[in-house]
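So, here come the structures, one by one.
Paired with subunit B in one complex and with subunit C in the other, subunit A is shared by the two complexes that follow.
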Partner chain A sequence: MHGRATPYLFLLPYLAIFGVFGLLPIVLGLWLSLHQWDFQLPDKPFVGLDNYRELFSADSLVFGDWWESVRATAIFTVASVPLLVVLPLGMALLLNRSFPGRTFFRALYFAPYVLGVAVVGLLWRFLLDANLGLVNHLLGAVGLPSDTPWVTATPWAWVSLVGVTVWWTCGFNAVIYLAGLQDIPAELYEAATVDGASTWDKFRHVTLPGLRPVLLFVVTTTILASANMFGQSYLITQGAPGNETRTVVSYIVERGLAQNDAGRAAAMSITLTLMLVLVSVANFRIFRYQED
Partner chain B sequence: MTIQRTELSRRRLLGLGLGAGAAATLGIAGCGGDDSEGGAASGDGGKTYTGPKVSLNLWNGFTGGDGDIFKKLVDTFNAEHANIAITVATYRWEDYYAKLPGAVSSGNGPDVAVMHMDQLATFAARKVIQPVDDVASALGLSEADFAPTVWQGGLYQDKRYGIPLDMHPVGFYYNKTLLERAGLDPDKPPTNRAELEEALAALKGKGIQGFWMSPFQFTGGMTGYSLVYQFGGSLYNADATKAAFNSPEAVEAVTWCAKLVADGHSPANVGQDADYLALKSGKNAFNVNGIWQVNDLKKSPQVRWGVAAMPQVGSRRSVWANSHNFTIVQQPRGADSNKVAGAKVFINWLSQHSLDWAAGGQVPARRSVLDDPKFKALTEVNTLAGELPDAAFPPAAPGIGDVTLLFYTAFNEAVLGKKSPKQALDDGVAKADKLLEDNRKKYGS
Partner chain C sequence: MRKARYIVLVALAAVFVVPLLWMVLTSLKSYSTAQQSPPTWLPDPVSTYGYDRLFQPGSQNPVLLWFLNSMLAATLHAALVLVTASTAAYALARMRFAGRRPIFALVVATLFVPPATLIIPNFLVADTLDWLDTLAVVVVPSAASAFGVFFLRQFFLTLPRELEEAAILDGANQWQVFVRVVLPLSKPALATLTVLSFLSNWNDFLWPVYVLFSADRLTLPAGLGLLQGAYIADYPVIMAGAALASVPALLLFVLAQRYVIEGVSRSGLKG
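This part shows the complex of A and B:
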C-alpha cells in the first residue's frame, strides 16, 4: 500500500500552497529589490544592490526615514515585548485557579483581541485625544494633569501605543499560557507541596520549567508581532510627531504601495527580515542555553 | 470627518458598490429616456451616442454624503440614456489610488475614473489614464467654460488628462455663539489679519482659545499651505523642480500658525479632527476646513455656525484647493470606441448637471453652472466659490503628491514644537528636493 512516494504525496498539497503563497513571493521580493520597480512603468531598470546600499549611505533619499522607522520599531518592540510576555503570564496564573466566574473573566480578558485594528485604532485615537479625549477628562476629574499629549508627543505616544497594544493583544498570549499551564501535570505540584515548597518555589521550579516551550513560542511570536507593528501607529498617532512613531512596516507600505516604489520597499522588507532572523536566532540560543 | 478620510467598513463599501451596481442594472432593465437630452447645450458630434448598448464602469472615492448624490446623478443619467449604463464602484480615496493601477494593467479597471487634480500627472505618467483632448474638443469645452486655474491643472506635457467636475477649496468656519460671547458680531467674521488677531484677543479675554491649530494635514496643514501662498511664498518653484517651502515667506506663514499655540489661541497637541469637533461643540471659534464640511454642519442644527472666505492674513489672498476630474482609463486590451463615445456623453452630461453636485458641497467647475441663479441660492458653497480666483491648486508633476506630504510633515513638527518652523521646513525641503530628483529619474520628465 505504502509506496515511497506516499509521505511526499501527503506533503504535496501544503507544499503547493507554501510554494505559491510563501516561497514565490519571497523570491519575487528578492528580484524586485534589485530593481527600480514601478509595475506600471515600462522601464524597470536593474539597479543591483543600490536599494540596499541606500539604506546605509547617509546622503540617500531614504536613509533618514529608514533609520528613524527602525528606531521607532525598536523602541516599540523593546517596550512592548516584556509587558506582553509577563502580564499575560500573570493573567494566566490567576485565570488558571478555580474561582466563581472564571470562564467569564477568561472571556473578558480575551475579548479585545477579537476587535480589528481599525476599531481599536479609531476608538483609542478619540479616547486619547489630548484636548477632547475621555482619558484626559477622567485624569482631570481625579486631580491629575489633564493635558497629557497622549498621541502627539513622545514619550507619551509610545506609552499610548504600547498600552493599547497590551490591552488589545495580551488576552491572546494569556490563552496560550493557559493551555501550557494545563499541560503541567498536577502530580508535580503535589510532590512539591509534600516536599514543603512555597508558592514561589513551585512557580520557579515547576511552573516556569514546565512552560519553557510555551514561553519560547510566546516570546518569539510576540517579538515578531511587535516588530511588524503597523496599524496602531498608522491610525492612532499617524506617525506623529513628525515621523517619530512611523514604524518600519508603515514606512515600507508608504514607499511600496503609496509611492509605487516596490524596489526600495522590497529591499527594506528583506533587510527587516534579516534583522528579525538575527533576533530570533539569538532568542532560540538563549532558551536552549537555559535548557543545558 | 472629511470626505477624504471618512472611515467606512469594507462591508459598507462593498454594499455601496453593489447597491450602485444593482441600481445601474435596474437602469439597463428599465426603459430609457431620450438620448438627445444628454447634449442640450450646443450640437456637436461627441455629445450624443447612438451606437449599440454599452455598459461602463466608473470608479470614485466619494465615500461621504457626496457619494449618495453622485449615485443619484448616475441613476438619473442611466434612466435618460437607454443605450448607456453606468455602474459605479466607490472606494476610500487612499485605497482607490492604490488599487486603480493594478486593476487597469490586469484589464479589470473601470472605463471612467474620478481623480484629484494633483494625481492626474502621476497617473498620466504611469499610463493609467489616457489623454482626453479629443473629448474636450468633441464636447467643445475650452478654458472659457471653466475657471482657468482648474482647466490648466488638467494638463500634463501639453496633453489634457482630466475634465474638471468641481473645485473644493478650504473655507473659514466660525462658531457664532462663541463670537457673541466675546462681544463680536456673529455675522461679521474677520476678513484680514488685524480683524482676526483682534477677534482672537477678544475671545482670549473670555477664556476661549479661538483658533485651534491642528498639526495634521487635515486640516491644519491645509491652513499652513494656504498661508504660505498668502504670505507670497509657494510650495515649489515655477516648474515644480525644486521645493520652496523654506522661503522666508513660508517660514513666516508656518510660524504664524505655530504661534497660535504659544499665544494661547490654540491648545497644544490638537488631535486629528479635534479642531473641527471643538468648533462644533462650542470650544473653538475658528476652523479652516474643507468646503465638504458644509453638509456635515447642516446635520447639526443646534450648532450656530457660518462660513466665510479665508481671511487674508498675508500680503495677498489665497486658499488651498483641489479639484475632482473625470478621466478615461487606458484599456490594455484595446479601447472600445463605443465605450469611449458613451463615456464622453456621460462626462458632458454630468458636467452640465453639476448644479446638483454642488448640493454635495462642491463648487462646480463649469462657468455656466457657476453663473446659474440656482447655484447662487446655495449660500455657503457659493460664498466659498468666491475664493477660487485666488486658489492655490497643487502643481501638475508626477509624484508631486508624495512630495507635498513632506511639507505636511514639516508643518506637523513645527506646530507640535518638535522643531522650530525654520528648522522643520529646511529639513523638509532637503528631503523634498531629493524626492523630486528621484521622481524626475523615475518618470523621466
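This part shows the complex of A and C:
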C-alpha cells in the first residue's frame, strides 16, 4: 500500500457516505426547488423560480404560513441569542478560577446539554404545565401569580421556549468560553494589575479582546442553532397558540414531508440558508470591523 | 467573597439539577400522587406505576424495543463515524495527492450548512435507496458529518511525524502505520469522537421522527414524542420514559466527562 491509490482508498468510505448524504442532497435540494414536486403526482414539472417567487407574493398559497414561521424563528432567535451569548460568559467567568469543586460544578451546568431535545421537551412540558407544573407551583409559593399559561398563550410561550433552550444549552457555550478564557496568557492580567487596572478594566481590555475569536464562534453557532429550532416548539408548544410558535424548520418539514410538497419546502430551505448566510457574513464583518 | 461565590454556584447548580431531579421523583410517583395540587416533592409511597405502564407487555408503545433500537443505532453510528472519519482524516492530514485541498475545502464547507435544511432532499435519497423505516436510515446518513473528519485531522496534525517515519523505515506500509502507530497515539481524540457521535445519535429527534414509521422500528426519542400523546397528563409514565432516555446519556457523560468537555472545548478554539 504505497501506491497512488492509497490516499483515495483511505478516503473512500467517508466520501461514499459524504457524497450520497452530504453533497447529493445539496444539489438535489436546488433541483427540487425548481420543480413542482409532489410525491403523489407522476409529473414533476419544472417551474423555474416560481417556488421562490411564491414566498414573496402575498396572494400565494404559502405566503401567510411561511412568513408567520419566519416571524416565529426570528422572535426566537432574537430573544435567545443574546441570553445564550451573555449568560454562559458569566458562568465561564465564575468557573475560571481554581477552587474546590470546580470540575463538579462545570459538569452539573453542562449536564442538561447531553440530554436530547425529546427528553428536554417532555420534561419542560410537564414542569410548565399550568395546573400540575412545578414552575407555577414555585411561583405561587413565593407569592407570584401561579396560573400563567406557559405553553398555550403568547408571550408566555416565547418565554418558555427561550427559557428552556437557555437551560438546555447554556452549559455548552460556557464550556467553550471557559476553554477560551484559559487560552488568554496570565501575563496579560499580571501586566494589567501592575498598571493598576480594576477588575472591570481587565475584563474590558484583556478578557474581551482575548475572547474575540471564541465570541465570534459562539455568536455564529448560536444563531445557526436558534434559527434551526424545531424540537422545542414541536414538543412543548406544538406551535400554539394557532401556529404562532411554529418555526421555519417545523413548517418546512410539515410542508415537505407531511403535505408532500417537496418543491416548495426545498425552496424554503434554501431561502432560510441564504438568510443565515447573510446574517453570518454580517457577523464576521462586525467582528472584523471591531478589530481594525 | 468566597462564600458568595459558593452561594451563586450552588444556586445555579439547583437551576440545572432540580428539573432533572423532578423528572426522576415524578417517575416514581403513583398516578394519584402526581395529580396532587400543590405537588408533593417526594414520592410517598414510592411507586413503580410509571415504569410498569411504560414497560407493559403488548403495549402499542414498545418502549423497551425503542431503547434497544436506539442503543443499536447509536453504537453502529459511532463505530461508522470512527472508521470513516479516522481514515479520511489521516489521508487529509498526512498524504499528498491530487484533489486533497478541494476535498478538504468541500468537507469543511458543509460544516456551515444547517442539517435541517437538507432534510427534504435527504428524505428523498433515503426513499430512493428504500431505506425509509430501516435501521440504516438512522445510522448512515448522519455519518456524513464533517465534524469528525475536521476534528481528527486537526489532532493528527499535532502528532510528531518522526514516529510514522520510523515505522516506514522499518518497512511498514501506510495502513500499518495508521493502525499500529497513529491510532494508538490518538486514543483520547478517538474516545472524544466516539462519545460525541454516540450522544448525538442517541439524542437525534427531527430525522427519526420523519423517516421511521412502524411502532417497532422507532428510536427512543422518536417514541417519546408519541408517549406525550398516548399518556396525556399521565406524568409518571411520561417522566419514566424521559428518565429511561436520560440515564444512558448522563451515565456516559459521567464516565467520559473529560472527553466530552475536551471535544466541546476544542470546537470553539478552532472557530
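As a convention for this text, the second predicted complex is superposed on the first by the 268 of 292 C-alpha atoms of A that agree within 3 Å, B and C clash if a C-alpha of one lies under 4 Å from a C-alpha of the other, contacts with A are read in each partner's own complex, and residues count from 1 in each chain.
Keep this in mind: a contact is a pair of C-beta atoms (placed from the backbone, for glycine too) under 8 Å apart; a residue touches a chain by one contact, two chains touch by 3 or more.
Predicted, not measured: the structure shown is a model, and the values here were computed from it.
Colleague: Should the pairing of subunit B and subunit C on subunit A count as a clash or a fit in the superposition?
Modeller: The answer is clash.
Colleague: Of the partners subunit B and subunit C, which touch A:Thr220 in the superposed model: first, second, both, neither?
Modeller: second
Colleague: Using the superposition on chain A described above, determine whether A:Leu61 touches subunit B (first), subunit C (second), both, or neither.
Modeller: First partner only.
Colleague: A:Leu122 in the overlay: touching subunit B, subunit C, both, or neither? Say first, second, both or neither.
Modeller: Once the two structures are laid over each other on A, A:Leu122 reaches both partners.
Colleague: For A:Ala153, select first, second, both or neither according to whether it touches subunit B, subunit C, the two together, or no partner.
Modeller: Touch partner of A:Ala153: subunit B, not subunit C.
Colleague: Look at A:Ala191 in the shared chain and tell me whether it touches subunit B only, subunit C only, both, or neither; answer first, second, both or neither.
Modeller: neither
Colleague: Can A:Gln36 be said to touch subunit B (first), subunit C (second), both, or neither?
Modeller: first
Colleague: Per the overlay, which chain contacts more subunit A residues, subunit B or subunit C?
Modeller: After superposition, C is the partner touching more of subunit A.
Colleague: Could you look at A:Pro7 and tell me whether it touches subunit B, subunit C, both or neither (first, second, both, neither)?
Modeller: Touch partner of A:Pro7: subunit C, not subunit B.
Colleague: Just to be sure I read the superposition right, which of the two partners does A:Ile26 touch: subunit B = first, subunit C = second, or both, or neither?
Modeller: In the superposition, A:Ile26 touches subunit C alone.
Colleague: Check whether A:Asn260 is in contact with subunit B, with subunit C, with both or with neither, and answer first, second, both or neither.
Modeller: So A:Asn260 only meets subunit B here.
Colleague: Under the contact rule defined above, give the subunit A residues that sit at the interface with subunit B and also at the interface with subunit C.
Modeller: Correct list for subunit A: 118, 122, 125, 129, 131-132, 257.
Colleague: Give every residue of subunit C touching subunit A within the complex, in rising order.
Modeller: Of all residues in subunit C, those touching subunit A are 2, 5, 8-9, 12-13, 15-20, 22-23, 26, 34-35, 37-39, 80, 83-85, 87-88, 90-92, 95-97, 100, 103, 106-107, 110, 112-125, 140-144, 146, 149, 173-175, 178, 199, 202-206, 210, 220-222, 224-225, 227-228, 233, 235, 238-239, 241-242, 245-246, 249-250, 252-254, 257, 260-261, 264-269, 271.
Colleague: Which of the residues in subunit B come into contact with subunit A in the complex?
Modeller: Those in contact with subunit A are residues 7, 9, 94, 97-98, 101-102, 105, 125-128, 212, 215-216, 267-272, 274, 277-278, 281, 283, 399, 402, 409, 412-413, 416, 418-419, 424, 431, 434-435, 437-438, 442-444.
Colleague: Mind pulling up the subunit A residues that touch subunit C in the complex?
Modeller: 1-2, 4, 6-8, 10-11, 13-15, 17-18, 20-26, 28-29, 32, 91, 94, 99, 101, 103, 105-112, 114-119, 121-127, 129, 131-132, 134, 137, 140-141, 167, 171-172, 175-180, 183, 213-214, 216-218, 220-221, 224, 227-228, 230-231, 234-235, 249, 252-253, 256-257, 262, 265-266, 269-270, 272-273, 276, 280
Colleague: What residues on subunit A touch subunit B, complex-wise?
Modeller: These residues of subunit A touch subunit B: 36, 38-43, 60-61, 64-65, 118, 122, 125, 128-133, 147, 149, 151-153, 238-244, 257-260.
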